[in-house]
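Structures given as C-alpha coordinates follow.
One chain, chain A, links the two complexes that follow: it is found with chain B in the first and with chain C in the second.
Up next, the complex of A and B:
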(Lines of atoms letter the chains of each structure in order from A and count residues from 1; the text may use other names and numbers.)
(Lines give C-alpha, C1' and ligand atoms only; values in the text may rest on other atoms or scores of the structure.)
Protein backbone atom coordinates (compact mmCIF):
# COMPACT_ATOMS: atom_id res chain seq x y z
CA UNK A 1 0.00 0.00 0.00
CA UNK A 2 1.31 3.45 -0.83
CA UNK A 3 1.97 5.93 1.94
CA UNK A 4 0.09 9.15 2.46
CA UNK A 5 1.87 12.48 2.36
CA UNK A 6 0.46 12.91 5.86
CA UNK A 7 1.71 10.03 8.05
CA UNK A 8 -1.09 10.64 10.54
CA UNK A 9 -3.59 9.59 7.85
CA UNK A 10 -1.81 6.34 6.94
CA UNK A 11 -4.11 4.08 8.97
CA UNK A 12 -7.41 5.45 7.72
CA UNK A 13 -5.94 5.59 4.22
CA UNK A 14 -5.01 1.90 4.35
CA UNK A 15 -8.51 0.98 5.44
CA UNK A 16 -9.98 2.98 2.59
CA UNK A 17 -7.54 1.63 0.00
CA UNK A 18 -8.26 -1.96 1.03
CA UNK A 19 -12.02 -1.33 0.75
CA UNK A 20 -11.61 0.35 -2.63
CA UNK A 21 -9.46 -2.38 -4.16
CA UNK A 22 -11.94 -5.03 -3.05
CA UNK A 23 -14.94 -3.08 -4.35
CA UNK A 24 -13.19 -2.18 -7.57
CA UNK A 25 -12.09 -5.70 -8.48
CA UNK A 26 -15.11 -7.64 -7.17
CA UNK A 27 -17.96 -5.28 -8.03
CA UNK A 28 -17.01 -2.42 -10.30
CA UNK A 29 -14.99 -4.35 -12.86
CA UNK A 30 -17.70 -7.02 -13.09
CA UNK A 31 -20.27 -4.33 -13.83
CA UNK A 32 -22.24 -5.18 -10.69
CA UNK A 33 -21.60 -2.01 -8.69
CA UNK A 34 -24.64 0.06 -7.81
CA UNK A 35 -23.07 2.52 -5.37
CA UNK A 36 -19.64 3.46 -4.07
CA UNK A 37 -19.66 1.24 -0.99
CA UNK A 38 -16.45 2.71 0.34
CA UNK A 39 -17.77 6.23 0.50
CA UNK A 40 -18.08 6.38 4.34
CA UNK A 41 -14.46 5.31 4.74
CA UNK A 42 -13.43 7.79 2.08
CA UNK A 43 -15.10 10.59 3.99
CA UNK A 44 -13.09 9.72 7.11
CA UNK A 45 -9.89 9.59 5.12
CA UNK A 46 -10.73 12.83 3.31
CA UNK A 47 -11.34 14.63 6.63
CA UNK A 48 -7.89 13.65 7.86
CA UNK A 49 -6.29 14.52 4.54
CA UNK A 50 -7.99 17.90 4.14
CA UNK A 51 -6.73 18.96 7.56
CA UNK A 52 -3.22 17.82 6.67
CA UNK A 53 -3.23 19.57 3.30
CA UNK A 54 -4.36 22.82 4.92
CA UNK A 55 -1.64 22.59 7.56
CA UNK A 56 0.98 22.07 4.87
CA UNK A 57 -0.42 24.83 2.65
CA UNK A 58 -1.04 22.47 -0.27
CA UNK A 59 -4.79 23.13 -0.46
CA UNK A 60 -4.29 26.44 -2.30
CA UNK A 61 -2.23 24.75 -5.01
CA UNK A 62 -5.04 22.23 -5.50
CA UNK A 63 -7.70 24.95 -5.67
CA UNK A 64 -5.77 26.69 -8.43
CA UNK A 65 -5.48 23.43 -10.35
CA UNK A 66 -9.21 22.78 -9.97
CA UNK A 67 -10.02 26.17 -11.45
CA UNK A 68 -7.88 25.32 -14.47
CA UNK A 69 -9.53 21.93 -14.86
CA UNK A 70 -13.11 23.16 -14.89
CA UNK A 71 -13.19 23.46 -18.67
CA UNK A 72 -11.82 19.96 -19.14
CA UNK A 73 -14.34 18.45 -16.75
CA UNK A 74 -17.29 19.23 -19.00
CA UNK A 75 -15.64 17.33 -21.83
CA UNK A 76 -14.65 14.30 -19.78
CA UNK A 77 -17.96 13.84 -18.00
CA UNK A 78 -20.08 14.15 -21.12
CA UNK A 79 -22.02 10.90 -21.56
CA UNK A 80 -21.18 9.18 -24.84
CA UNK A 81 -24.15 8.35 -27.08
CA UNK B 1 7.13 26.49 -27.73
CA UNK B 2 5.91 23.04 -26.87
CA UNK B 3 7.22 19.55 -27.42
CA UNK B 4 5.09 16.45 -27.95
CA UNK B 5 5.75 12.79 -27.49
CA UNK B 6 3.25 10.11 -28.40
CA UNK B 7 3.24 6.36 -28.66
CA UNK B 8 0.82 3.46 -28.95
CA UNK B 9 1.28 -0.11 -27.78
CA UNK B 10 -0.72 -2.90 -26.25
CA UNK B 11 -0.49 -5.06 -23.14
CA UNK B 12 -1.10 -8.81 -23.10
CA UNK B 13 -3.53 -8.37 -20.23
CA UNK B 14 -7.26 -7.72 -20.27
CA UNK B 15 -8.71 -4.30 -19.65
CA UNK B 16 -9.91 -4.91 -16.06
CA UNK B 17 -6.43 -6.09 -15.05
CA UNK B 18 -4.73 -3.11 -16.66
CA UNK B 19 -7.08 -0.59 -15.07
CA UNK B 20 -6.58 -2.18 -11.65
CA UNK B 21 -2.82 -2.17 -12.17
CA UNK B 22 -2.98 1.54 -12.90
CA UNK B 23 -4.35 2.22 -9.41
CA UNK B 24 -1.71 -0.05 -7.89
CA UNK B 25 1.26 1.62 -9.59
CA UNK B 26 2.83 2.77 -6.34
CA UNK B 27 4.72 1.76 -4.34
CA UNK B 28 6.98 -0.29 -6.56
CA UNK B 29 10.74 -0.82 -6.51
CA UNK B 30 11.21 0.93 -9.87
CA UNK B 31 9.59 4.14 -8.66
CA UNK B 32 11.21 4.82 -5.33
CA UNK B 33 11.10 8.51 -6.13
CA UNK B 34 7.33 8.50 -5.54
CA UNK B 35 7.12 9.34 -1.84
CA UNK B 36 3.35 9.29 -1.41
CA UNK B 37 0.05 8.80 -3.21
CA UNK B 38 -3.25 10.17 -1.89
CA UNK B 39 -6.75 9.92 -3.28
CA UNK B 40 -8.31 13.33 -2.98
CA UNK B 41 -11.53 12.77 -4.94
CA UNK B 42 -13.50 9.76 -6.03
CA UNK B 43 -16.87 9.81 -7.74
CA UNK B 44 -18.94 6.89 -8.99
CA UNK B 45 -21.73 7.74 -11.38
CA UNK B 46 -24.38 5.00 -11.04
CA UNK B 47 -26.03 5.92 -14.37
CA UNK B 48 -23.02 5.78 -16.63
CA UNK B 49 -21.03 3.43 -14.32
CA UNK B 50 -18.07 5.75 -14.74
CA UNK B 51 -15.54 6.12 -11.97
CA UNK B 52 -13.69 9.44 -11.71
CA UNK B 53 -10.65 9.61 -9.46
CA UNK B 54 -8.27 12.41 -8.59
CA UNK B 55 -5.01 11.54 -6.86
CA UNK B 56 -2.07 13.54 -5.62
CA UNK B 57 1.46 12.11 -5.83
CA UNK B 58 4.55 13.57 -4.24
CA UNK B 59 7.74 12.81 -6.12
CA UNK B 60 11.22 13.39 -4.80
CA UNK B 61 14.02 13.28 -7.28
CA UNK B 62 17.15 14.99 -8.41
CA UNK B 63 16.93 17.48 -11.21
CA UNK B 64 18.78 16.24 -14.31
CA UNK B 65 22.27 17.80 -14.27
CA UNK B 66 21.72 19.04 -17.83
CA UNK B 67 18.65 21.01 -16.73
CA UNK B 68 20.32 22.23 -13.54
CA UNK B 69 23.14 23.86 -15.53
CA UNK B 70 20.70 25.68 -17.75
CA UNK B 71 18.48 27.16 -15.01
CA UNK B 72 19.11 30.36 -13.05
CA UNK B 73 19.64 29.54 -9.37
CA UNK B 74 16.50 31.38 -8.30
CA UNK B 75 14.21 29.14 -10.35
CA UNK B 76 15.55 26.07 -8.65
CA UNK B 77 14.02 25.38 -5.25
CA UNK B 78 16.20 22.37 -4.53
CA UNK B 79 18.75 21.88 -1.78
CA UNK B 80 22.51 21.65 -2.32
CA UNK B 81 22.27 18.07 -3.54
CA UNK B 82 19.91 19.10 -6.31
CA UNK B 83 17.13 17.17 -4.61
CA UNK B 84 13.67 18.56 -5.38
CA UNK B 85 10.09 17.76 -4.52
CA UNK B 86 7.22 17.95 -6.94
CA UNK B 87 3.45 17.50 -6.72
CA UNK B 88 1.67 15.59 -9.44
CA UNK B 89 -2.08 15.69 -9.95
CA UNK B 90 -3.50 12.57 -11.58
CA UNK B 91 -7.03 12.50 -12.89
CA UNK B 92 -8.60 9.35 -14.30
CA UNK B 93 -11.96 8.25 -15.65
CA UNK B 94 -12.81 4.55 -16.02
CA UNK B 95 -15.81 3.45 -18.09
CA UNK B 96 -16.25 -0.24 -17.43
CA UNK B 97 -19.30 -0.51 -19.68
CA UNK B 98 -17.58 0.81 -22.76
CA UNK B 99 -14.20 -0.61 -21.80
CA UNK B 100 -11.97 2.45 -21.73
CA UNK B 101 -9.93 4.46 -19.26
CA UNK B 102 -8.50 7.94 -19.72
CA UNK B 103 -5.89 9.44 -17.45
CA UNK B 104 -4.08 12.74 -17.23
CA UNK B 105 -1.14 13.52 -14.96
CA UNK B 106 0.50 16.87 -14.63
CA UNK B 107 2.83 18.66 -12.24
CA UNK B 108 1.29 21.31 -10.04
CA UNK B 109 4.46 23.13 -9.17
CA UNK B 110 7.64 23.97 -11.09
CA UNK B 111 5.40 25.09 -13.94
CA UNK B 112 7.55 28.14 -14.57
CA UNK B 113 10.44 25.80 -15.35
CA UNK B 114 8.68 22.92 -17.05
CA UNK B 115 5.14 21.70 -17.30
CA UNK B 116 4.57 18.06 -18.20
CA UNK B 117 1.13 16.73 -19.06
CA UNK B 118 0.99 12.98 -19.60
CA UNK B 119 -2.18 11.43 -21.01
CA UNK B 120 -3.02 7.75 -21.35
CA UNK B 121 -5.98 6.09 -23.01
CA UNK B 122 -6.50 2.40 -22.29
CA UNK B 123 -9.00 0.57 -24.42
CA UNK B 124 -10.36 -2.91 -24.91
CA UNK B 125 -9.58 -3.85 -28.55
CA UNK B 126 -12.44 -3.47 -31.01
CA UNK B 127 -12.27 -6.99 -32.47
CA UNK B 128 -14.81 -9.57 -31.33
CA UNK B 129 -14.39 -11.68 -28.20
CA UNK B 130 -11.79 -14.37 -28.15
CA UNK B 131 -8.23 -13.27 -28.79
CA UNK B 132 -8.99 -9.57 -28.26
CA UNK B 133 -10.29 -10.13 -24.77
CA UNK B 134 -6.81 -10.62 -23.35
CA UNK B 135 -5.27 -7.44 -24.68
CA UNK B 136 -5.49 -3.77 -23.92
CA UNK B 137 -4.55 -1.05 -26.39
CA UNK B 138 -2.77 2.00 -25.03
CA UNK B 139 -2.15 5.47 -26.40
CA UNK B 140 0.27 7.76 -24.60
CA UNK B 141 0.92 11.42 -25.22
CA UNK B 142 3.18 13.77 -23.31
CA UNK B 143 3.16 17.54 -23.68
CA UNK B 144 6.22 19.47 -22.47
CA UNK B 145 6.23 23.23 -22.08
CA UNK B 146 8.74 25.54 -20.47
CA UNK B 147 7.91 29.08 -19.43
CA UNK B 148 11.34 30.27 -18.29
CA UNK B 149 11.93 33.90 -19.03
CA UNK B 150 8.31 34.61 -19.93
CA UNK B 151 7.83 36.73 -16.83
CA UNK B 152 10.96 38.68 -17.60
CA UNK B 153 9.92 39.23 -21.20
CA UNK B 154 6.49 40.48 -20.12
CA UNK B 155 8.05 42.80 -17.55
CA UNK B 156 10.51 44.14 -20.13
CA UNK B 157 7.65 44.91 -22.48
CA UNK B 158 5.91 46.89 -19.75
CA UNK B 159 8.85 48.73 -18.22
CA UNK B 160 11.34 48.85 -21.01
CA UNK B 161 14.96 47.93 -20.36
CA UNK B 162 14.75 49.14 -16.75
CA UNK B 163 13.62 45.71 -15.60
CA UNK B 164 16.45 43.42 -14.67
CA UNK B 165 16.52 39.70 -14.14
CA UNK B 166 16.87 40.24 -10.40
CA UNK B 167 13.53 42.03 -10.09
CA UNK B 168 11.71 38.99 -11.51
CA UNK B 169 13.82 36.35 -9.82
CA UNK B 170 13.11 37.76 -6.39
CA UNK B 171 15.20 36.48 -3.51
CA UNK B 172 18.82 35.97 -4.29
CA UNK B 173 18.74 38.54 -7.06
CA UNK B 174 20.38 41.39 -5.18
CA UNK B 175 23.73 39.75 -4.64
CA UNK B 176 24.50 39.22 -8.29
CA UNK B 177 22.57 41.61 -10.54
CA UNK B 178 25.48 42.02 -12.92
CA UNK B 179 25.88 38.28 -13.43
CA UNK B 180 22.15 37.74 -13.96
CA UNK B 181 21.83 40.42 -16.63
CA UNK B 182 24.80 39.00 -18.45
CA UNK B 183 23.40 35.48 -18.24
CA UNK B 184 20.06 36.43 -19.73
CA UNK B 185 21.46 38.53 -22.55
CA UNK B 186 24.04 35.99 -23.63
CA UNK B 187 21.52 33.14 -23.89
CA UNK B 188 17.99 34.26 -24.71
CA UNK B 189 15.22 32.92 -22.53
CA UNK B 190 13.61 31.45 -25.62
CA UNK B 191 16.67 29.30 -26.11
CA UNK B 192 16.56 28.26 -22.45
CA UNK B 193 12.94 27.19 -22.79
CA UNK B 194 13.75 25.23 -25.90
CA UNK B 195 16.70 23.61 -24.15
CA UNK B 196 14.63 22.59 -21.12
CA UNK B 197 11.91 21.19 -23.36
CA UNK B 198 14.38 19.27 -25.54
CA UNK B 199 16.18 17.74 -22.58
CA UNK B 200 12.83 16.75 -21.08
CA UNK B 201 11.66 15.26 -24.37
CA UNK B 202 14.81 13.14 -24.62
CA UNK B 203 14.28 11.86 -21.09
CA UNK B 204 10.62 11.15 -21.84
CA UNK B 205 11.52 9.16 -24.96
CA UNK B 206 14.02 7.12 -22.96
CA UNK B 207 11.87 6.50 -19.93
CA UNK B 208 8.37 6.00 -21.41
CA UNK B 209 9.04 2.46 -22.73
CA UNK B 210 10.44 1.55 -19.32
CA UNK B 211 7.43 3.09 -17.59
CA UNK B 212 4.96 0.73 -19.25
CA UNK B 213 3.15 -1.00 -16.41
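Up next, the complex of A and C:
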Protein backbone atom coordinates (compact mmCIF):
# COMPACT_ATOMS: atom_id res chain seq x y z
CA UNK A 1 0.00 0.00 0.00
CA UNK A 2 1.15 3.54 -0.42
CA UNK A 3 2.45 6.03 2.13
CA UNK A 4 0.53 8.75 3.90
CA UNK A 5 1.18 12.39 3.06
CA UNK A 6 2.12 12.66 6.72
CA UNK A 7 5.08 10.34 7.49
CA UNK A 8 4.18 10.39 11.19
CA UNK A 9 0.93 8.55 10.30
CA UNK A 10 2.54 5.80 8.20
CA UNK A 11 2.64 3.13 10.93
CA UNK A 12 -0.96 3.46 12.03
CA UNK A 13 -2.01 3.78 8.38
CA UNK A 14 -0.31 0.52 7.47
CA UNK A 15 -2.04 -1.30 10.32
CA UNK A 16 -5.38 0.08 9.22
CA UNK A 17 -4.78 -0.72 5.51
CA UNK A 18 -3.82 -4.31 6.33
CA UNK A 19 -6.96 -4.76 8.43
CA UNK A 20 -9.14 -3.23 5.73
CA UNK A 21 -7.80 -5.35 2.86
CA UNK A 22 -8.37 -8.53 4.87
CA UNK A 23 -11.90 -7.48 5.89
CA UNK A 24 -12.71 -6.33 2.37
CA UNK A 25 -11.64 -9.53 0.55
CA UNK A 26 -12.66 -12.07 3.21
CA UNK A 27 -15.90 -10.57 4.50
CA UNK A 28 -17.22 -7.64 2.52
CA UNK A 29 -16.90 -9.24 -0.94
CA UNK A 30 -18.48 -12.46 0.34
CA UNK A 31 -21.44 -10.42 1.60
CA UNK A 32 -20.87 -11.58 5.17
CA UNK A 33 -19.79 -8.24 6.61
CA UNK A 34 -22.25 -6.60 8.97
CA UNK A 35 -20.02 -3.88 10.36
CA UNK A 36 -16.71 -2.24 9.51
CA UNK A 37 -14.48 -4.20 11.89
CA UNK A 38 -11.49 -1.97 11.24
CA UNK A 39 -13.25 1.11 12.61
CA UNK A 40 -11.15 1.32 15.86
CA UNK A 41 -7.88 1.29 13.88
CA UNK A 42 -9.30 3.81 11.45
CA UNK A 43 -10.12 6.19 14.28
CA UNK A 44 -6.48 6.14 15.41
CA UNK A 45 -5.24 6.79 11.88
CA UNK A 46 -7.85 9.51 11.37
CA UNK A 47 -6.77 11.37 14.53
CA UNK A 48 -3.21 11.48 13.23
CA UNK A 49 -4.29 12.46 9.71
CA UNK A 50 -6.73 15.21 10.75
CA UNK A 51 -3.99 16.95 12.68
CA UNK A 52 -1.61 16.67 9.70
CA UNK A 53 -4.20 18.02 7.22
CA UNK A 54 -4.89 21.02 9.44
CA UNK A 55 -1.17 21.73 9.83
CA UNK A 56 -0.74 21.65 6.07
CA UNK A 57 -3.77 23.87 5.47
CA UNK A 58 -5.54 21.25 3.33
CA UNK A 59 -8.68 20.98 5.47
CA UNK A 60 -10.56 23.91 3.91
CA UNK A 61 -9.81 22.70 0.34
CA UNK A 62 -11.29 19.37 1.34
CA UNK A 63 -14.50 20.90 2.71
CA UNK A 64 -15.00 22.64 -0.67
CA UNK A 65 -14.38 19.41 -2.61
CA UNK A 66 -16.82 17.49 -0.39
CA UNK A 67 -19.52 20.11 -0.99
CA UNK A 68 -19.04 19.64 -4.76
CA UNK A 69 -19.54 15.90 -4.42
CA UNK A 70 -23.14 15.90 -3.14
CA UNK A 71 -24.54 14.98 -6.60
CA UNK A 72 -22.33 11.90 -6.82
CA UNK A 73 -23.55 10.73 -3.43
CA UNK A 74 -27.16 11.11 -4.53
CA UNK A 75 -26.50 9.05 -7.65
CA UNK A 76 -24.18 6.29 -6.47
CA UNK A 77 -25.49 5.54 -3.01
CA UNK A 78 -28.60 4.04 -4.59
CA UNK A 79 -28.33 0.27 -5.14
CA UNK A 80 -28.18 -0.78 -8.80
CA UNK A 81 -31.13 -2.65 -10.28
CA UNK B 1 -13.91 21.51 -22.53
CA UNK B 2 -12.13 18.32 -23.39
CA UNK B 3 -13.65 14.88 -22.95
CA UNK B 4 -11.74 11.66 -22.54
CA UNK B 5 -13.30 8.18 -22.60
CA UNK B 6 -11.78 4.72 -22.75
CA UNK B 7 -12.64 1.10 -22.02
CA UNK B 8 -10.46 -1.86 -21.21
CA UNK B 9 -10.89 -5.46 -20.12
CA UNK B 10 -8.72 -6.88 -17.35
CA UNK B 11 -8.25 -10.65 -17.54
CA UNK B 12 -8.92 -10.91 -13.81
CA UNK B 13 -12.13 -11.43 -11.84
CA UNK B 14 -14.13 -8.50 -10.53
CA UNK B 15 -13.25 -9.59 -6.98
CA UNK B 16 -9.51 -9.53 -7.73
CA UNK B 17 -9.75 -6.19 -9.51
CA UNK B 18 -11.85 -4.50 -6.86
CA UNK B 19 -9.53 -5.75 -4.08
CA UNK B 20 -6.33 -4.73 -5.84
CA UNK B 21 -7.87 -1.40 -6.73
CA UNK B 22 -7.12 -0.39 -3.15
CA UNK B 23 -3.42 -1.26 -3.60
CA UNK B 24 -2.94 0.20 -7.06
CA UNK B 25 -0.43 2.80 -5.92
CA UNK B 26 1.81 0.41 -4.05
CA UNK B 27 5.57 0.07 -4.35
CA UNK B 28 5.24 -2.63 -7.06
CA UNK B 29 3.70 -0.12 -9.38
CA UNK B 30 6.58 1.81 -10.91
CA UNK B 31 4.18 3.39 -13.38
CA UNK B 32 2.58 5.32 -10.56
CA UNK B 33 5.65 7.18 -9.34
CA UNK B 34 3.74 10.46 -9.72
CA UNK B 35 1.51 9.39 -6.82
CA UNK B 36 3.27 10.36 -3.61
CA UNK B 37 0.64 9.37 -1.07
CA UNK B 38 -2.87 7.99 -0.70
CA UNK B 39 -4.81 8.72 2.49
CA UNK B 40 -8.24 7.45 3.46
CA UNK B 41 -10.41 10.29 4.78
CA UNK B 42 -13.53 8.30 5.59
CA UNK B 43 -15.12 4.94 5.07
CA UNK B 44 -18.70 3.88 5.76
CA UNK B 45 -20.82 0.82 5.14
CA UNK B 46 -24.48 1.51 4.48
CA UNK B 47 -26.52 -0.82 6.68
CA UNK B 48 -29.35 -1.22 4.16
CA UNK B 49 -27.71 -1.25 0.74
CA UNK B 50 -24.30 -2.57 1.88
CA UNK B 51 -22.68 -0.01 -0.36
CA UNK B 52 -19.17 0.83 0.85
CA UNK B 53 -18.42 4.53 0.49
CA UNK B 54 -14.81 5.69 0.77
CA UNK B 55 -13.26 9.15 0.54
CA UNK B 56 -9.56 9.41 -0.24
CA UNK B 57 -6.99 12.13 -0.69
CA UNK B 58 -4.33 11.46 -3.33
CA UNK B 59 -1.13 13.50 -3.29
CA UNK B 60 0.64 13.76 -6.65
CA UNK B 61 3.69 15.38 -8.09
CA UNK B 62 4.03 15.91 -11.80
CA UNK B 63 6.30 18.00 -13.89
CA UNK B 64 4.67 20.43 -16.26
CA UNK B 65 5.73 22.91 -18.96
CA UNK B 66 7.38 26.09 -17.65
CA UNK B 67 4.76 28.42 -19.08
CA UNK B 68 1.96 26.47 -17.39
CA UNK B 69 3.87 26.65 -14.11
CA UNK B 70 4.08 30.43 -14.45
CA UNK B 71 0.33 30.71 -14.85
CA UNK B 72 -0.64 28.13 -12.25
CA UNK B 73 2.09 28.70 -9.72
CA UNK B 74 5.24 26.63 -9.48
CA UNK B 75 4.40 24.07 -6.81
CA UNK B 76 4.47 20.63 -8.43
CA UNK B 77 2.48 18.99 -5.64
CA UNK B 78 -1.22 18.59 -6.32
CA UNK B 79 -4.11 17.02 -4.46
CA UNK B 80 -6.95 14.93 -5.85
CA UNK B 81 -10.17 14.18 -3.94
CA UNK B 82 -11.72 10.80 -4.70
CA UNK B 83 -15.00 9.24 -3.58
CA UNK B 84 -15.71 5.62 -4.39
CA UNK B 85 -18.79 3.45 -4.05
CA UNK B 86 -18.53 -0.35 -3.99
CA UNK B 87 -21.76 -2.30 -4.42
CA UNK B 88 -20.69 -5.90 -3.72
CA UNK B 89 -24.14 -7.28 -4.44
CA UNK B 90 -24.40 -5.64 -7.87
CA UNK B 91 -20.62 -6.12 -8.40
CA UNK B 92 -19.91 -2.56 -9.29
CA UNK B 93 -17.18 -0.14 -8.26
CA UNK B 94 -17.68 3.53 -9.14
CA UNK B 95 -14.89 6.03 -8.46
CA UNK B 96 -15.27 9.78 -8.89
CA UNK B 97 -12.31 12.07 -8.53
CA UNK B 98 -11.55 15.72 -9.05
CA UNK B 99 -8.50 17.90 -8.60
CA UNK B 100 -8.46 20.19 -5.61
CA UNK B 101 -5.30 22.08 -6.41
CA UNK B 102 -5.70 24.84 -9.03
CA UNK B 103 -9.41 24.03 -9.17
CA UNK B 104 -10.26 27.70 -9.67
CA UNK B 105 -8.17 27.55 -12.88
CA UNK B 106 -8.65 24.03 -14.20
CA UNK B 107 -11.23 21.38 -13.46
CA UNK B 108 -10.47 17.71 -14.13
CA UNK B 109 -13.27 15.33 -13.16
CA UNK B 110 -12.79 11.63 -13.66
CA UNK B 111 -15.15 8.69 -13.33
CA UNK B 112 -14.09 5.05 -13.35
CA UNK B 113 -16.42 2.05 -13.27
CA UNK B 114 -15.45 -1.61 -12.78
CA UNK B 115 -18.03 -4.30 -13.52
CA UNK B 116 -17.78 -7.99 -14.46
CA UNK B 117 -17.16 -8.40 -18.18
CA UNK B 118 -20.10 -9.41 -20.35
CA UNK B 119 -17.68 -10.65 -23.04
CA UNK B 120 -15.55 -13.07 -21.04
CA UNK B 121 -16.26 -14.82 -17.79
CA UNK B 122 -13.81 -14.10 -15.01
CA UNK B 123 -12.83 -10.82 -16.65
CA UNK B 124 -13.56 -7.28 -15.58
CA UNK B 125 -14.71 -4.34 -17.66
CA UNK B 126 -13.08 -0.98 -16.91
CA UNK B 127 -14.66 2.23 -18.15
CA UNK B 128 -12.97 5.56 -17.64
CA UNK B 129 -14.20 9.01 -18.57
CA UNK B 130 -12.99 12.50 -17.79
CA UNK B 131 -14.01 16.09 -18.31
CA UNK B 132 -11.33 18.76 -18.48
CA UNK B 133 -12.29 22.43 -18.34
CA UNK B 134 -10.01 25.45 -18.14
CA UNK B 135 -11.72 28.13 -16.10
CA UNK B 136 -9.01 30.74 -15.98
CA UNK B 137 -9.97 34.09 -17.35
CA UNK B 138 -8.04 35.18 -20.37
CA UNK B 139 -7.56 34.36 -23.98
CA UNK B 140 -9.46 31.41 -25.39
CA UNK B 141 -6.21 30.23 -26.99
CA UNK B 142 -4.56 29.88 -23.60
CA UNK B 143 -7.56 28.03 -22.20
CA UNK B 144 -7.51 25.69 -25.19
CA UNK B 145 -3.78 25.02 -24.78
CA UNK B 146 -4.15 24.30 -21.07
CA UNK B 147 -7.02 21.92 -21.80
CA UNK B 148 -5.05 20.17 -24.56
CA UNK B 149 -1.98 19.72 -22.38
CA UNK B 150 -4.11 18.43 -19.51
CA UNK B 151 -5.92 16.02 -21.81
CA UNK B 152 -2.64 14.70 -23.21
CA UNK B 153 -1.20 14.30 -19.72
CA UNK B 154 -4.42 12.58 -18.62
CA UNK B 155 -4.20 10.19 -21.57
CA UNK B 156 -0.57 9.32 -20.75
CA UNK B 157 -1.41 8.79 -17.09
CA UNK B 158 -4.40 6.67 -18.03
CA UNK B 159 -2.25 4.38 -20.19
CA UNK B 160 0.41 4.16 -17.46
CA UNK B 161 -2.32 3.59 -14.92
CA UNK B 162 -3.69 0.59 -16.79
CA UNK B 163 -0.22 -0.92 -17.32
CA UNK B 164 0.68 -0.38 -13.70
CA UNK B 165 -2.58 -1.91 -12.49
CA UNK B 166 -2.09 -4.97 -14.75
CA UNK B 167 1.29 -5.50 -13.06
CA UNK B 168 -0.22 -5.17 -9.57
CA UNK B 169 -2.94 -7.71 -10.49
CA UNK B 170 -0.36 -10.14 -11.89
CA UNK B 171 1.87 -9.97 -8.80
CA UNK B 172 -1.12 -10.32 -6.50
CA UNK B 173 -2.28 -13.46 -8.30
CA UNK B 174 1.21 -14.98 -8.11
CA UNK B 175 1.47 -14.25 -4.39
CA UNK B 176 -1.98 -15.69 -3.75
CA UNK B 177 -1.17 -18.87 -5.73
CA UNK B 178 2.11 -19.23 -3.82
CA UNK B 179 0.30 -18.88 -0.48
CA UNK B 180 -2.27 -21.50 -1.48
CA UNK B 181 0.50 -23.89 -2.57
CA UNK B 182 2.37 -23.41 0.71
CA UNK B 183 -0.83 -24.00 2.68
CA UNK B 184 -1.52 -27.16 0.66
CA UNK B 185 2.02 -28.48 1.27
CA UNK B 186 1.68 -27.80 4.98
CA UNK B 187 -1.60 -29.69 5.13
CA UNK B 188 -0.12 -32.66 3.24
CA UNK B 189 3.02 -32.55 5.37
CA UNK B 190 0.85 -32.79 8.49
CA UNK B 191 -1.36 -35.54 7.02
CA UNK B 192 1.57 -37.71 5.91
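Keep this in mind: the second predicted complex is superposed on the first by the 78 of 81 C-alpha atoms of A that agree within 3 Å, B and C clash if a C-alpha of one lies under 4 Å from a C-alpha of the other, contacts with A are read in each partner's own complex, and residues count from 1 in each chain.
By definition in this document, contacts are C-beta pairs under 8 Å (C-beta built on N, C-alpha and C of every residue); 3 or more make two chains touch, one makes a residue touch a chain.
Here the structure is a predicted model, which means the values were calculated and not measured.
Chemist: Aligned on chain A, chain B and chain C: do they clash or fit?
Modeler: clash
Chemist: One more residue to check, A:57. First (chain B), second (chain C), both or neither?
Modeler: Neither chain B nor chain C is touched by A:57.
Chemist: Looking at A:42, would you say it contacts chain B, chain C, both, or neither? Reply first, second, both or neither.
Modeler: So A:42 meets both chain B and chain C here.
Chemist: Identify the partner contact of A:33: answer first if only chain B is touched, second if only chain C is, both if each is, neither if none is.
Modeler: both
Chemist: Overlap the chain B and chain C contact sets on chain A and report the shared residues.
Modeler: Common interface on chain A, chain B vs chain C: 1-6, 9, 13, 16-17, 20-21, 24-25, 28-29, 31, 33, 35-36, 42, 45-46, 49, 58, 61-62, 64-65, 69, 72, 76-77, 79-80.
Chemist: Can you list the chain B residues touching chain A in their complex?
Modeler: That would be residues 16, 19-20, 23-24, 26-27, 34-40, 42-52, 56, 58, 87, 89, 91, 93-98, 102, 104, 108-109 of chain B.
Chemist: For chain C, which residues count as touching chain A in their complex?
Modeler: 15, 18-19, 22-23, 25-27, 35-46, 49-53, 55, 57, 59, 79, 81, 83, 85-90, 92, 94, 96, 98, 100-101, 103
Chemist: Chain C touches which residues of chain A in the complex?
Modeler: These residues of chain A touch chain C: 1-6, 9, 13, 16-17, 20-21, 24-25, 28-29, 31, 33, 35-36, 42, 45-46, 49, 53, 58, 61-62, 64-66, 68-69, 72-73, 76-81.
Chemist: How about chain A: which of its residues touch chain B in the complex?
Modeler: Where chain A meets chain B, its residues are 1-6, 9, 13, 16-17, 20-21, 24-25, 28-29, 31, 33-36, 42, 45-46, 49, 58, 61-62, 64-65, 69, 72, 76-77, 79-80.
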